[in-house]
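Next up: the structures, one after another.
Below are two complexes that have chain A in common, paired first with chain B and then with chain C.
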Partner chain A sequence: MKKFLATICAAGLLFTGCGGEKTSSTNDKTFTYGTVAYGVAMENVGTNPHESYSGWSTLRYGIGETLFKFNEHMELEAWLAESFEQVDDFTVKIKINDAAKFSNGKKVDGAAVKKCLEALIANHDRAPRDLKISSIEADGQFVTIKSAEKVPALLNYLSDPYGCIIDVEAGVNDNIVVGTGAYKAVKVTDTQIDLVANENYWGAVKPKMDKVIVKSITDGDTLTMAMQNGELDAVQGLPYSSLQLFSGDNYKISQVETSRVYQAAFNFKTPALQDLNVRRAISMAIDKENFCKVLLNGNGTPAIGAFPANLTFGGDKVHALPYDLDGAKKLLSDSGWNDSDGDGYVDKDGKNLELRWLTYTSRQELPLLAEAAQANLKKIGVKLNVNATDNYKTFLKSGDYDIFSKAIVTAPTGDPEYYFTSHIVPGAVDNAGFYDSEQIATLEDELHNTFGAANRSELAIKMSQQVLDDCALIYASHLRMSFVMKPNVEGFTAHPSDYYEIRPELDKK
Partner chain B sequence: MHSSVKIRGMKKYFLARLIQLIPILFGITFLTFGMMQFAAGDAVDIIYEQAGSVAEEIKAAKRAELGLDQPFLIQYGRWLGGILTGDMGKSFISGKEVFETFADKLPATIELMLVSILLTIFIATPAGILAAVNQNRLIDYIIRTLSFVGNSMPNFFTGLLLIYFLTLKLNLLPIIGQSVVMPALTLTIAMGAKYTRQIRAVVLEELDKPYVMGARSRGVSELTILIKSVLRSTLIMIITLLALSMGSLLGGTAIVETIFMWDGVGKMAVDAILMRDYPLIQAYVVWMAIIYVLMNLVADLLYHWLDPRVRYGESS
Partner chain C sequence: MKKYFAAAGLLIFIAVFADFLTPFDPYVQDLEGALTPPNSINLLGTDRYGRDVLSRVIIGSQTTLCAALALLAVIASVGSLIGAICGYKGGRLDTFLMRMSDIFLAFPQMVFAIAAAGALGGGLLNAAAALAIIGWTKYARISRGLVLSIRSMPYFDAARMAGSSSIEILFAHVLPNIAGTILVTAALDIGTIIMELAGLSFLGLGAMPPTAEWGAMMNNGRSMLQTAPWVILAPGTAIFITVATFNLLGDKLRDFLGGDRQ
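Right after this comes the complex of A and B.
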């Protein structure tokens, strides 16, 4: 039977003139990587960091490098830059590593960096607003950047994928740029990036693979079966339900906690939620441990605040209310919410405590969190109506929600300010709960004018604690990202930034 | 004299069908454009969704750049003006020319369509005839059961089953290699099952007709009757089905393309809809309308060629 089927398949292949994946010389070391995170829908097709989110592909797949990079605690380290000097609150002088070279062999000097940053500001939509650069000067291996206003997180922003340094003079050909990374792109399509080792790589560790093929595979089942079939050396983005298939000795898994948090913001315009006791009761009724363990199959860690434990200002640096159903019921009772009619729901002035939980479905964890919250809150007599819709923006505009739950990367560049200015300060563009705290506004003002990672961390902890004390949001879980690979793969590890995937250390034994 | 009249008739019919295409294109592009306006969020919302939080000024600037800040009728008018002058515009997401994007994806779709159609014909025609001539015998029951099962399974399920058996269990084909065999087989199973049942029914009907009995009584062999008479009669039905299948396959098969990472227009269209990439969606709609009108036109011409009694515009 097998022979018969093989004959049919062979005939099919001959008939169609299309064989399987073309393989190169057998001596080549090739790493084939399947990912759900590349493609048109991710807006990262291409390698030009000055366009949309293409810089993610440049950085993730080892084509480009930034001036600074993040370590596993999301602290900045030198990369293409050797050192920097904060001349004053508006000026930073960066020394470029003398050894740094583009993949075409050209030296990376101050002039090349200046050209690249000027092109970034001229072409990218988000970068100019983040960086606020007013002028750039180049002198040998030095580049001096002046900003129009104080930007304490300037170096963090320069480490965003859009900050990859490319040879602007070499241009962009068929979506391919000349970067400084361990690999260079040779073919870029909507579904695949083909890379070869950069023979001019300047770093201490030279690339160990001859070729790397990055394949976009958006169907979770296909990705799972391609890995099981041995067609891929490693995968990213497997469905949670598939991960357990790779738990044996035949595979290795690298996991890391990211700063993507699943949070729920209380709408302060809802009268019942203006009562701190009610917000605290709801927070205390959410069983985060079970949500992560059961519903996320262990692919998440219970969150305390907005930032994960691997950040200096995250994890248990702040404290939140514990899971305590009795305590929650008592708080409700203290505020006059009791089940007077015996229908299972607490009521006050003849009205049940009934709330609307708004969320969306494009993140698989969010509807699960909504269901968990619904079941949890029923235990303390709060009726929760879930509205999980991808049309959620319409509801946000009309204000038809009491709690809005979303997923957000809180520290994409390792700095806390972005999260506070976008989600927490009064009037912030994504402050969906209309949380308005004078203390937060004062602390944010201080943060905005404070330089130095340690000082900024301290302020971030104060602000996070204030948010938790005011019970403005519930932080349910941080996403745990997983890479699955064959046991012979080395140097392929998940990073909390989600930026660096293909590195020079990558090897197949 | 007679053939020149025929050609004139055909030209007139061809022209009439092309003229009919104009209101069809206008109507469906207008409707699609309108429907996209009702969808939640626009391309700018989607573009910046990944960035987490983006200031409204940046979004407003992007909307102005893409012309999304204009009223619906002006947006549509601009698009229509562009397409009438041969400019399909640029993708909102990739910034690439729409025509170029389409041209990139089309060869893969055409390849998949051709292979699936040919495989379907090669499998369904003999299977349908075999079932009909062996009506109510074991072989008929087997073919009918298989075609029933093939017809009932959705494409994504068939595709996953094929991956499971042909790749994971038998290790015959790669999943992610760029081979057309697996996606084509997936489509062939569903189409072949449908065609087999239709061909069987038509052949049975033909076999009951007086001309077949007459041929048999004159001693004409069963094989000759089947090939020279019955098969020719079933061709009209097969062509009707083919025209519809080719139309739908040329529109891409998003699910199969996604499962097998086949970079065709179906996946492109779904991505475009998800990303609210209006220029690409509109180009796809125009393409689909043209394909369906042309496929029906070709089918009509073929009917007439196969059976001159059929007048243009009639199927039997």
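Right after this comes the complex of A and C.
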């Protein structure tokens, strides 16, 4: 009996001790944030912007800042840079803000920016291709960048997360870099980033939280429950079906349209899909409205083209085919596809119109789109076999697909050229449908040599319309990104770029 | 015993005649009626595509149960035959095949199946193939052991002296004598196979949309456990009832046939 009582007392003391420790650590103002967007699968672990997509974490979690940033219309604004001057088609001179400081207290000057950009070009995989920098010169607070060829979107590319300015001389220690952001990383693992306020922050608004903990929780249900039981102050990436659980007064939601689009590319190597009528019929049979309203629980907007309405070259600047099942059936019939054997599927020369829809599951919306499309197309007599696999790259390589559906951020730097060069122009790396259009190639040449946002927008609209006229792809929906937070959280709002999450304004009342 | 046979028979009956038993077309989407709770028309409610959950559970029994039984029939017969040949012939063939089975047995079955299904790509057929690749070894081991014990029986020597060929001995004397044990093992395995197939589908490595399969249905409804629990509870309960029924039947069968063998 004595032993039993002693054990109980010991356990009691142990728990009391644990409780005391917890109380002392909660004096700090801590913001705990759960996200599905950080992790090895997203290639963004770590905070070194010169590695893969790690710059996204540097920028998202307030560790680093770029020379320019995007406003809510994805237009460029000064950030670390104070101003710029386009000297000629190949040269741009940027003035760095005199007040800018790294988190170690060191001043950000032209020389520091030069070193950082040189390290970026030497180490990063995508940056040299985008920037095409031939030389960088530093002079006091000025940095002059010369390009090997015309790069009209140079400033946009410099605002990509990989363009975060870090103190290269301070090095990278345990995945931690020295940036200029409101917070500095103190511990970085594959599943969590611990941040503390940057006491040397140069911006007008000083960080209001003492600590920020970013937790990678990639399972939507775990994330939902962690938010429900109060473990987290805010979350990003909840399953759409869970959002309704957070609709009361106990939570706040911040939502924004992003340029992430759910698209499906027709494989032009498939004989049946070389017929424009067939591609048009399939496009007209996809019920985008209901997909967004019901399957995405209203967390998406039906897409017309590749770019959303908040961009000057997006939204209804282009026009697509309407949802029209009768029209679709007529187009198929015009091309000789009729249900001659009464099996519910249209056929020609004794063969049913049967297509393979390839997609992957790591984006929860894609299998939903596939299954909705399958039912939609059945209504016009097209048989769709869905292959939703995360091993999709094998199928892409072997060419075993007729339609490939994916999610893609079409304007990550607010400029349209990236999307066209990566997905649309003949021979582009991600041109999964082997779409080959002379008009597109000519327009892309023109875009590549055109300066000025208005002129580039005009060309982007022409190119987007050409893609839609050729019915090379179906654009189903643009993603609406949602942050759910406790009601006492302030200054935590979703941004259309999907970049700036933890900002100096973040506070807990 | 009879009641378990009756329950199993009922499940198989539902699976075989599923096409005639579904109140609605399990594949027709009606997005306007999505996620309707159970009511007098849709007894188990509707899923996120507005499809009748009861109809999908019924048609899903066909997919799940038929796939499990077909897979079991293949691995039990192929595995037993390989084991019997090894036990009967012995020598290098026996050594080679048994070492092969040792290699497969060294892997946890589900982990190996996930890896194999992942490499083969999605689809129920690929998931079944992944389970078959590793599943035959158990039956080969059991039947080999049984054949080795039968080889010392007087009737085995008598058959050889009577001039029977190896094939005759294998099919007329060996296999019938090991069939009871194999049958009991297979009956006990039905539940496991159903769970494994459903497990692969749950992980997205089995049935592809829109195929109604219980594991895949649970996976689709996973994120709606709090908002529309009927979507996941219906197929989950179906798996529970089916696995429990076949496990209890296997137990009874083992007791019954085991007693006879003594």
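By our rule, the second predicted complex is superposed on the first by the 482 of 509 C-alpha atoms of A that agree within 3 Å, B and C clash if a C-alpha of one lies under 4 Å from a C-alpha of the other, contacts with A are read in each partner's own complex, and residues count from 1 in each chain.
We take it that contacts are C-beta pairs under 8 Å (C-beta built on N, C-alpha and C of every residue); 3 or more make two chains touch, one makes a residue touch a chain.
Because the structure is predicted, anything quoted here is derived from the model rather than measured.
Engineer: Output check: A:N277 vs chain B and chain C. Expected answer is one of first, second, both, neither. What do you get?
Structural biologist: neither
Engineer: Go through the superposed model and pick first if A:L295 touches only chain B, second if only chain C, both, or neither.
Structural biologist: The second partner, chain C, only.
Engineer: Which partner, chain B or chain C, touches the larger number of chain A residues?
Structural biologist: Result: the larger residue contact count on chain A belongs to B.
Engineer: Now for A:A41: first (chain B), second (chain C), both, or neither, which partner does it touch?
Structural biologist: The first partner, chain B, only.
Engineer: Using the superposition on chain A described above, determine whether A:D221 touches chain B (first), chain C (second), both, or neither.
Structural biologist: Touch partners of A:D221: chain B and chain C.
Engineer: Let me test your reading of the model: by the given contact rule, A:T144 touches which partner, first (chain B), second (chain C), both or neither?
Structural biologist: A:T144 sits against neither chain B nor chain C.
Engineer: Does chain B (first) or chain C (second) touch A:K393, or do both, or does neither?
Structural biologist: first
Engineer: Answer with first, second, both or neither: which of chain B and chain C does A:D125 touch in the superposed model?
Structural biologist: first
Engineer: Should A:V409 be classified as contacting the first partner (chain B), the second (chain C), both, or neither?
Structural biologist: first
Engineer: Quick check on the output: what are the common chain A residues between the chain B footprint and the chain C footprint?
Structural biologist: Of chain A, residues 221, 390-391, 394 contact chain B in one complex and chain C in the other.
Engineer: For chain B, which residues count as touching chain A in their complex?
Structural biologist: 40-41, 45, 47, 50-56, 58, 61-62, 93-95, 104, 111, 115, 119, 160, 163-164, 166-168, 170-181, 184-185, 258-261, 263, 268, 271, 274-275
Engineer: Under the stated contact criterion, what part of chain C meets chain A in this complex?
Structural biologist: Answer in residue numbers: 27-29, 31-32, 34, 48-50, 118-119, 121-123, 204, 208-210, 222-228.
Engineer: Under the stated contact criterion, what part of chain A meets chain B in this complex?
Structural biologist: Touching chain B from chain A are residues 2, 5-6, 9, 12-13, 15-16, 18-21, 34, 39-43, 45-46, 51-53, 125-126, 129, 189-191, 215-219, 221-222, 225-226, 228-229, 231-232, 390-394, 408-409, 412, 418, 422-423, 428-430.
Engineer: Considering only the defined contacts, which chain A positions touch chain C in the complex?
Structural biologist: For this pair, the touching residues of chain A are 220-221, 224, 239, 241-242, 244-245, 287, 290, 293-295, 361, 364, 367-368, 370-372, 374-375, 385-391, 394-395.
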